[in-house]
Every structure is written in structure tokens, then in C-alpha cells.
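In this document, chain identifiers A, B and C correspond to the written order of the chains, with residue numbering beginning at 1 in each.
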Amino acid sequence: MRLAAPVLRQLLTAAAIGVLVFVLMRVIPGDVVDVLGIEGDLSEQEQQALRAELGLDAGWWVQFLRWVGGTLRGDLGLSLRYNRPVAEMIGYALPHTLRLAALALGLGLALGIAAAAVAAARPHGIWPLLVQALNVWSIALPTFCVGLAAILVFSLWLGWLPVRGQLLMPVLVLGIDIAGQIAKPLHEELKEILATPFIRAARAKGLGPGAIVLGHVLPNAAGVLSSVSGLILAGLISGALTMEVLFGLPGLGSLAFQAIAGRDWTVLQSVVLLFALGVIVANLLADLAHRLADPRVR
Amino acid sequence: MTTSRRSLFAGASALAAAGLLDHLPGRAARAAERAGTLKVALLGLDTSDPHRHTGSIAVQQVYVEGLTSIADDGRAIPYLAESWRIENEGRRYVFRIREGVRFHNGRVMTAEDVKANAERVRDRIGRGWLSAPMKLVTRLEAPDARSFVMEMSEPYGPLLNLLSELWIVAPESEGWGGTIRQPIGTGPFRFTRWVPNELFRGEAHDGYWQAGLPRAEAVEFVLRDMDDPSLALRAGDLHIARARFAALPELRADPNIEIQFMKDTTWYFWSFNNRRPRPPFDRVKVREAIAYAMDKPGLMRLIAGEAGVVTNQMAAPGQFYWDEAIHAADRHAAPDLDRARAILRAEGVEPARTPLRIVSWQTDYAQAAAQAMRSLGFQVEHIALDDLGAQRRLNQYDWDLAPFASGPRADIFLRFIRMLSDGPNVGLWGGPQDPAFDALVKRAVAATDLAQRRALYLDAWRHAMDRYWTVVIGHAAEAIANRREVTGWRPGFTWGANRVDGGLAFARIG
Amino acid sequence: MPEAPLPTRHVAEAVAAPAASRASPWRRPLLLLALAGLFALVGPWIAPQDPLWQDLAARNLPPQPGAWLGTDNLGRDVLSRLLAGARITVLVAGGATALALAVGAGLGLAALAAGALPAALVFGLIDMIRALPSVLLGLALMVALGTGVGPVTIAIGLSFAPTFAVVARQAWLRERQAAYVEAAVASGTHPAVILRRHIAPNVAGALITQAAIILPRAVTTESVLSFLGLGVSPETPTWGRMIAAGLPFVERAPHAVLAPVVALSLLTLVLAVAGDHIRAAADPLRRGTG
């Protein structure tokens, strides 16, 4: 019951986003018939006929209701440009984006948590410096620049062809960025926790370091993680889009970009709605994880 | 089963086991060593309905075929039509349809199918490059399974070449009544899977009418507009890819890569605003001055390196419709800034006080053109947009200069059509509306004698040149690179990935 | 008018907090930013060549005397374009950040002042916009507004405005509930004075901190947009444009891509570090939330 209110609110947000996106798309000048018209050498008359055929001649209110009705039934409609089911195109692109995001998130979490944990355990080595370096890296260097630099370095000087079209580089770039975002706050939190009385008591009781980490340290760390998760997710989505375009990978980013260039509203609406839903779901999940992991919040 | 049928069955099985059945037509290809998936990156695919093709036509030719095919010298040669007769002074075409051509679903193609396709294009589609000849069609007939007759109200010269793009699809294809979703064609590969902007996969058609083809098991096109497919080519992720001119030196240096060129060319030009010209660019002498300021050799080198050639005509040097004399008389083959400035002075034009608006794509050579105009002293405003933006801006006709390019076509008529009063997408050529020009082109199209047609086309071109509607910088043939382990592949006249005498059906890996 | 007597130590500390943020820790990073901005603005005047001048006979030359960073595919001097691009990048990013601050904070605070319902509506709308990836939003706005320095600035500014609205609201709510404000209200200080002396400086502080965080992001967004082919006209030498134009020739002329990439990285590094200092100076007790 306590979760119902935020979930409802997020759903309303999602609905409102739908309207917003729909209106936004119509504000952009030019429509898909203009695009098809260029490529197919259509005369004015033929373009009018095509608009009628695609249903673009109805008032946008009508179009919106049609789209909502279809979406609620699970029918995302046809791409205005390619006459292919939108669901099919998204179905092809989504797994690619999810894979990129999941791998990047996994790498980032693993690297960030590991770095923070080791740095907390060995405060006199180079690890705290590494954490600091990671932090500065993620603040100061946008993933766009790092990606470009990676393309330059790896394709030019090391000759590992091709860099574009492969998943390794984007995952590394995004992963290190995420690691930088979580390493420092986590490190701070871990240092505080390790200094608390109850940890010292646990050590005195004879609990091994592994048990201490798992049983006491990480649950508290979950709080820190979920508080930065909003930022991380926003960055991950933006980052995945940029990486897709930069490295020429298939995915929702490329799909959205093509849809904007081609004025393909039906595709774009669904993609943007999907993004927004994704952010909402991720935030809810993070919130849930936080509540579960951190006893203080309950 | 009766005894005789059973023994027939047993006998047939024995024969099949002995491999003798393999020598029947159609089975031969299956028995041959068909291996591998060709990975290709040429152009994109915009629609699954071959009759509604909208511009980029490279992929479709692997699953659909037409009555004619374009040979390397630009002539129409037999494809699904084995032969034809032209009667009644070019108003009646009788095609003999090839025998034993099977659609992907196994059914044999007949003249009825061809007629159904022609009717669909004439009645249901009504747009695209075929709409012009279709308007002239008075009768479509299929008197028997192997004869298809087309009657026109007047002679139409480019018909045979344009028919290379009237692709024959089985009428039982899903979507025939609206937009075809799953085309059943006769081509060497089937329409297996299409993810728009991503990939197209076609698997080999076992019953393909050309014995022994295709040589590959499947073909996969990368449809995404890759900035540089040459990297993927060099890494072995692609077998055949279009090569940007800028990447040619690196590709030539790679021992694993072979470079070939398309037989027709992409032509580069700049157009003036011919629909609503703004002073002083409505004056022919001023346009002439601007032409003197353009460094054609420099521009072609920038565009295509050593692969480009400077000329002043829509046809490329060496092609049938190109004329040596007109080429030799090109006053603008080299820049002459002094002459340009002198003419402007004589015309009373002060560049420093004259705005000049350029609309273009975001290409390097458009920027070079802008600089040429600045060096004359004009107040240049350069608007560089994407495809859609540029097209819309051009149609507003509030600009002065438009440097653009246009690709290979099945017939020279498809270049002239862009300067007709009612032509499609005329913005790139400034949209002239001149009845005298229209009449010249119409007469050329109606001429059945090739020499006469050529003379009339040249007249029309001189008409356009004298008025400086559009000035040609030069031509460059597009390069297609392939890995050396791919054999049997040759690019054709246009972007089409397959033809009757060459293409992906003939390509083998390894 | 002298402040009313402050009875508790807690409140005194709270009062001390806003005072501390007006002290010298602000000055150093701001000075750094100002210097960077000045250098960028002056850039084109110290450029050795005309950044737009093409020399088709001198294309893709390596770094050498006379062209210290080489030339690009149209024979233009990379160093001069880099310096000219600095100015545009700084103008666009700075203008966009300022616009985002003005529109975002203005709208947010106005909505709060107008009452509970308008505030709920406006911030609901803002939440929605924030759920959209900013790159997409910028893209869509760019396509709608067209190319040019003005439209790019507006597009980027609008896409960052929501975060300023949120920060303004958070700061406002925090300050209003602060103990020292309650104390001031309890002691009868006029609301206008409370606003001017206590709330406004801290809200402004939070907004400036946010601006310092957003500025490098605006720089990156501008580069990504012009890399994608949207943004200012093609001759305009923004760094994103230079990268996009140089990538097809990267093997022949790596310097033409390397220079803008390094410049972009350096600029965002400097801005981010400065922003970090500002954030630490404004609020040493709070963790950054961006």
C-alpha cells in the first residue's frame, strides 16, 4: 500500500509524457511525407494522397486518440516511413540497448564497488588515489570525449580494427564512467561504517572480514548506491544513446535518431515512451532495493 | 498404392539416390556448392513494396527482377523478357516472356503476372519514375502465357530502360492490394527478413531460373548509414561495401581489398534559382561570371580525388549521350577570377553589396563553392541542411545557388525529367519551367531512332546550358570495394545489387 | 535594521553558514572560470589565420611552422579554427546555462509563489520533461528550431531548465524551513527582509552551484549536437563540427580530430574541477547531488 501512491504517480507521469511527446513531435516542421517525397520524387498531389493514406490528414487530437487506443491494446502501430510494425523494430533494437546498458552497469558496479571496498580496507595504498582518480574522470570527462579518444587510440595507433560496431569500447567507456560515479561516495560511506562501534564489536566477536562485509557493510552501502542511482540511470540512458550513435551500434538510440530525422512519429512516440517508462521502472526498483536493503528506511 | 505406382515411386527414389535427378533444371543449383552468407553494405531499403521504391535502389534487385536489365554500356538487355518486337513506330511493344521462371513460392511466372504488375503500377501506384510512361499506356494485354503486349498513345524512347525497374512480383504476395509486406519475386534470393535501417536478409532461392545461381547461401545487407564501411570491410566484417572517395587511398593500400567502379556516374553540379530568381542572379551574364569563379578541377579533386572527371554535360565522358564538341567548348573548364570580376563590373554588380544565399547539404564541396563566392566578394549566406531540410528550403525558391549531386540512373531521361515544368523534385535544379525545353525533351523521348534522339537531347541540353540553369562540375563513378576472397562480383551500371549478367547472384565467397 | 537577538547556538551556527558562503572560497574558482571565458572570447583575434579560409592545395597537412596544428580536409588551419571554436563553444554553453537558470528558476519560483496548485502542475510537468533523455530533447528542439547559434543556445538552455527549477524549489523549501528563518519570523522580522537577507542569497548560491555543474554538460551537449550535424552552420568551426568533419580522414590527418577532442576534454575538465570547488565552497557540509 505504501508503494501504491508513488507507482500511481509515476504511471500518471508516463501518461503525461505520452501527451507531451505527441505534441512535441507535431511541433517539429516537416512530416514523413516530406521525407518520402524527396526520395520518391512525389508531386504535390501525390503527397496529399499519401498523407491521407497514412492518416496524417486527421487532426492531431484524433491521431493521438488512435495511438493511445492502439497502445493500450498492445498495438504500437506501423512505422510511418517503412510500414513495418513499430513493435518489431523496437523488438530488434531494445535487446541491443539493454545489453549495452546492462554490461556497462555491471562493469561499473563491479569496478566501483571493488575499488571502494579495497580502498576502504587498505587506506594507505594507491587504492584511495584510484578512487579519487575515477571520480575526477567521471566528473570531468564526458563519455562522448572518452569514446572519441578510444576510437582514435585504438583504431589508429593500436590498429585494432574496427572499433566502431563493436560492443567492447562503449561498455568500457560507460562502465568506467559509472564506476567513477559510485566509487567515491561509496568509499566515504564505507570509511564511516568501518569506523562505527558496531563494526568494531563485530570484529571483536570474531566475525571474519567476509561476513562483516556482507552482513553489515554492504547493506548500508546500498543506501548510498540507491541515492546516486537516479543520476546513474539518467547518465546510462544518455550515455547509451550517445555511444550507439558514436560507435554505430543498433539500438534504441539509433532508432530514435533515425525516427527524428525521418519524422517517423509512430516509432519515436513509442521509443520515447519506452525510455520514460524505463527510467520510472528503474527508479522504482532502486527505491525498492533501498527499502529492502536498508533496515533504517523501513 | 497400386503396384505400378509403387514401383514408379521406388524407381524415382533410386534415381534420386543415384543423384541423377540433380541434373534436372533447378535441382542443379541446389546440388552445387552454395556456401556462405555475403555481407554487403551499399544503400538502404525504404520499402518492402518494390513498386513503391522511393529513390535508393540497391537491395531490391536481389529478390525481384524486371523484363529488362541494364548492361554495362547502359543498353537494355533481356531479363525476364527473352526478346521483344517494337511495332507501329514505337507505339506497340510485344515481349516474349521467358519460360520456366519460378517465383519464390514455386509457381511459374506467366505473361498474366507481368500484366498484373503493369496494371498495378499504372492504376494503384501512380507515383515514382514509372508514372510518366504509364500515363501514356493505352493497352496492356497477355494474349498467351508467354506474350505480353504494351500499347502506348505515343512513342516513348526510354521505355525499355525504365522497364528494368518495373519489377515482377507475384500477385498473391501479402499486401498486393495496399502496400506489399512480403514480396514474392523471381530473384536469386528470397525476402527473408527486414529490420528497417538495420538489416535485410535474403536466403537463396532454390528454384532460381538461372542454373547454378545463386552461388551463396544467403545475402545480408547492412542498411544502417555507416559513416565508413571501409573499416568493417578491412576487418572482414563485410564482404562488399560502397567505398567513400575519401577512403580510397587506404583501401587501395590494403592487399586484401579490390576496388571496382559502377558503370554510370554520380554527377555534381550547382544550380541557380530558375523558378523565382532573385536579382542580379536572374541575368545570364551574372551567372556566367559566377561560373568563371568556380574551380571545377579543384572541386572534382576535392570530391573524388583522382576518380573524378570535369565536364559540362549530364552524361559522363564516353557515354552515348555525351558530346565531345560541347565538352571541348566548355568555357569554364578552368577558373578565371579576373574574367568573372570584369563581367560583374560590366554588369554593374557590386558583390560587396549583394547578398548571395547558398542552400546545400553538409558536404565539403558546398563549403568550397561558398568560399569561391566569397572570393568574388559576395555577401554569402550558406545554409547547409540535412536531406529533408534542404529539400524543403529549396522548394521555397528564396535562394540563389545550390551545389548538389545526383546518382546513377537507368536512363538519361531520368536526368532530363528534373528540369521539366512538371517534373518531380525539381528543386535541386532550380525548378525551371520552360515550354520550349519541355517540347525538346518530349520530341527526344518520342524519337525511335537513337541517333535522332541523341541529337534532340543535346539540343535540349544546349538550351539549358545557354541559360545557365545548372552548371555541371563533373562526374565520378562510385567505387565499390570487395574483399579478394569474394569472386564473381562486378558492380553494374547503377546501384542495383544484381542484374542478369552480373551481381550478387554470381558472387562466391572463398 | 539590526538582526534580532539570536538565543541559541544552533541558530547562530545556521546563521553563520550563509555568511561563510559569501567569503573567499568562491573567488578562486570564479576567477578561473572568468579567465577561461575571457581567453575563449579573445580567441579569434589571436588566431594566426582566418579560420574559414580554405586552401584546396594545402589539404590535410601535418603540423608544421605556419600551421602549428596542421590543416583539415579543406585546407583550413586547425589551430585558428580551434581558437574560433572556443569562443562559440563558450558563448553557446554560457548562454544556454544562463538561459536555463533564468527560465528554470524563474518558472519554478514563480510557480511556488503562485500557490500550491500551480506549483504542483508546473513541477509535475517538469518531472515529466526530466524523465526524457536530454540528448533526445535537445535533438528534437534543434530540429524544430533550425540551425544557428541562437537556436542551439535556446535548445540546450531549455533542455537544462528543468534541473534549475528543481534546484530552486529544493533550496527554497530548505531555506524556508531552516531554523534561523523560523527564528527570524518568530522575532518579528519583516518577510521582505527575511527574503532578501537569508533566503535569496542561499537560493542564489544553490543556483550558482548548479550552474557550475551544468556548464560543462552544456559544452558537451553542444559538441554532441554539432557532431550529429545539427547546430550551427557548417563553416562555423565548433569543436563538435571539427570532430565530425575530421573523422572520415582520421588516418590521413589525425591532428584535425585530436586537437578538438583534447580541447573539449580540457575545457570540461577545467569547468568540472572549478564547479567542484564552487560546490565545496558553497556547502562543505552537504554531499553533491547534481
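Throughout what follows, contacts are C-beta pairs under 8 Å (C-beta built on N, C-alpha and C of every residue); 3 or more make two chains touch, one makes a residue touch a chain.
Nothing here was measured: the structure is a model prediction, and the numbers come from that model.
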Selected interface, B-C versus A-C, where C-beta contact pairs are more numerous: A-C
Centre-most chain, if every chain is reduced to its averaged C-alpha atoms: A
Rounded Å distance between chain A and chain B, as computed from the means of their C-alpha atoms: 41
Between chain A and chain C, centroid-to-centroid distance (C-alpha), Å: 23
Intercentroid distance (Cα basis), chain C paired with chain B, Å: 48
Two or more partner chains touched - positions in chain C: 247, 251
Contacts with two or more other chains, residues of chain B listed in rising order: 227-228, 386
For chain A, residues contacting two or more additional chains: 29, 155, 261
Contact set on chain A toward chain B in their complex: 29-30, 34-43, 46, 49, 79, 81-84, 88-89, 92-93, 155, 161-165, 248, 250, 254-255, 258, 261-263
Touch list for chain C against partner chain A, complex: 124-125, 127-129, 131-136, 139-140, 143-144, 216-217, 220, 223-224, 227-228, 243, 247, 250-251, 254, 257-258, 261, 264-265, 268-269, 272-273, 276, 287, 289-290
Complex contacts: residues of chain B adjacent to chain C: 227-228, 244, 246-247, 249-250, 295, 298, 301-302, 362, 364, 366-368, 370-371, 382-386
Partner chain A, residues of chain B touching it in the complex: 46-49, 52-56, 126-129, 179, 181, 194-198, 224, 226-228, 231-232, 234-235, 237, 386-389, 391-392, 422, 424-425
Chain A residues touching chain C - in the complex, by the definition given at the top: 13, 16-17, 20-21, 24-25, 27-29, 136, 139-142, 144-145, 148-149, 151-152, 155-156, 185, 231, 234, 237-238, 241-242, 245, 256-257, 260-261, 272, 275-276, 279-280
